[in-house]
Amino acid sequence: MMMDRDAFSQWMGIEILSIKKGSVELQMTITEVMTNGFKIAHGGIAYSLADSALAFSSNTYGIQSVTIESTMSHIKPLKEGETIKAVAKELQLSGKFGRYLIEIINEKNEVAAVFYGTVFRTGKEWIIDNGQPTQ
Amino acid sequence: MMMDRDAFSQWMGIEILSIKKGSVELQMTITEVMTNGFKIAHGGIAYSLADSALAFSSNTYGIQSVTIESTMSHIKPLKEGETIKAVAKELQLSGKFGRYLIEIINEKNEVAAVFYGTVFRTGKEWIIDNGQPTQ
Amino acid sequence: MMMDRDAFSQWMGIEILSIKKGSVELQMTITEVMTNGFKIAHGGIAYSLADSALAFSSNTYGIQSVTIESTMSHIKPLKEGETIKAVAKELQLSGKFGRYLIEIINEKNEVAAVFYGTVFRTGKEWIIDNGQPTQ
Amino acid sequence: MMMDRDAFSQWMGIEILSIKKGSVELQMTITEVMTNGFKIAHGGIAYSLADSALAFSSNTYGIQSVTIESTMSHIKPLKEGETIKAVAKELQLSGKFGRYLIEIINEKNEVAAVFYGTVFRTGKEWIIDNGQPTQ
């Protein structure tokens, strides 16, 4: 499955809470090595979680999809030890492109970051196994 | 200095090639743990490098600046073992906000990703040591 | 009210279908002068409608709010004579910033464009009259 | 030429100051009908000028290119009567996509807005006449 071969998502300790066509819910915990000079998670951590959520949700149709454009707002600091979720929702899907909104939710159930991403659907197929693409 | 206390930038192996007011040039090498299911760098790696470049360049004035908004285009895949650079340029700076363009350059000297980011300048000061903010 | 003094929104023929705290629904019809060289609406038209929706929805709290950052995806062409809607939804609101998702819906009820915008809340107050800010 | 058939760009009074492969410089003046409730240009005006600059510069190669994604920062208010410029620069061009940075410059020669846009190159050709695409 996609997650099994994604070394960086595994390094982050990402777990898949749920997955279905066009959406996914992921979870991870901020560790010390993920923090920046302000002792909160480096901005790249929330982005990486969201980008994994985009990859996992957009690839559920069996068509290889790659992120081409993305926008992220950083709203609340994520602290070491905090467990965060990414909740992905498909806004639009057509032959060549798909657009997804992904909210990063903190432990207090607040929106801590918002990610909006566009994928390009290459047209190459892959096999779906247990709801996730294999390679 | 900022870099010394940024655990995640250190984990990525980021080196500062040059730094001056409003700009910075960073370098790092893609390792296996940074790759995704496609055996190329996870999208979060280029973003993390760019976001570090944004933090380092926008904080050179001694005013604490935090990323609030960012946009990233992923253009070319970054391969394991490849050494990449981030080149940050300040487009605009005012009292409360600053905007920066950061290009991720691959080993062939091509633009592999483009990051456009906005920082909010909190007004808190810190001491600059050797061109970098201390904390 | 805000709309009454917004000359460009009036020029576009924007109507307010509904408005409440943090959200708004607008409608307008594409006229010939709004088209570009491809005989479809110029990209600036969908953006202008969305930006009005952002202004109207974010200013419902009586705190002057201005757009600082925005992202727009153009998905489907909008034709001359077509009546389109903008549906704004507040994703996050804090003291200084608010983030909104605005979908542009075409006559076939499809998502024709997606706008994601961030406002800066200046702290200046104004009087709300009939759900809309006065000036 | 593209400009001749673009009714909305003509309505805005856009003039082409210079055009060459991948770049363009445009100029226009803010009129009263373009203002919003704050008596400054509606955010859609700067965006529309930038989007025209994106269309004109990306279509100089004779391959039909359409805006798919765009980001705009609004930095300084544009006043009625002010003459503004859009300066477009190509950051990256490949078979399917191109990325452009467009700065909106005010009368004081300050960066008043920044636009970052991505075009999809459809592969359809058209004839270039006097540096501009015909249709």
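Order of writing sets the chain letters: A, B, C and D. Residues in each chain are counted from 1.
Throughout what follows, a residue touches a chain if its C-beta (ideal position, glycine included) is under 8 Å from a C-beta of that chain, and two chains touch if they have at least 3 such contacts.
This is a predicted model, so every value here is computed, not measured.
Undergrad: Would you kindly say which chain has the C-alpha centre located farthest from the C-alpha centre of chain D?
TA: The chain farthest from chain D, judged by C-alpha centres, is A.
Undergrad: In angstrom, rounded to a whole number, how far apart do the mean CA points of chain A and chain B lie?
TA: Inter-chain centre distance comes to 21 Å.
Undergrad: Between chain A and chain D, what is the separation of their C-alpha centroids in Å?
TA: Going by mean C-alpha positions, chain A sits 33 Å from chain D.
Undergrad: Give the residues of chain D touching no fewer than two other chains, as numbers and ranges.
TA: In chain D, residues 68-69, 71, 73, 97, 118 touch at least two other chains, as defined above.
Undergrad: With chains as vertices and touches as edges, which is it: line, ring, star, complete or other?
TA: Shape = complete; every chain linked to every other.
Undergrad: Across the complex, what residues on chain D touch chain C?
TA: Contacts found on chain D: 2-3, 5-9, 11, 32-39, 41-45, 47-49, 51-52, 55, 66-74, 135.
Undergrad: Inside the complex, what are the residues of chain B that reach chain D?
TA: Checking each residue of chain B against chain D gives 71, 73, 75, 91-92, 94, 97, 99, 101, 103, 111, 114, 116, 118.
Undergrad: Given the complex with chain B, which residues does chain C contribute to the contact?
TA: Listed in rising order, the residues are 68-69, 71, 96-97, 118, 120.
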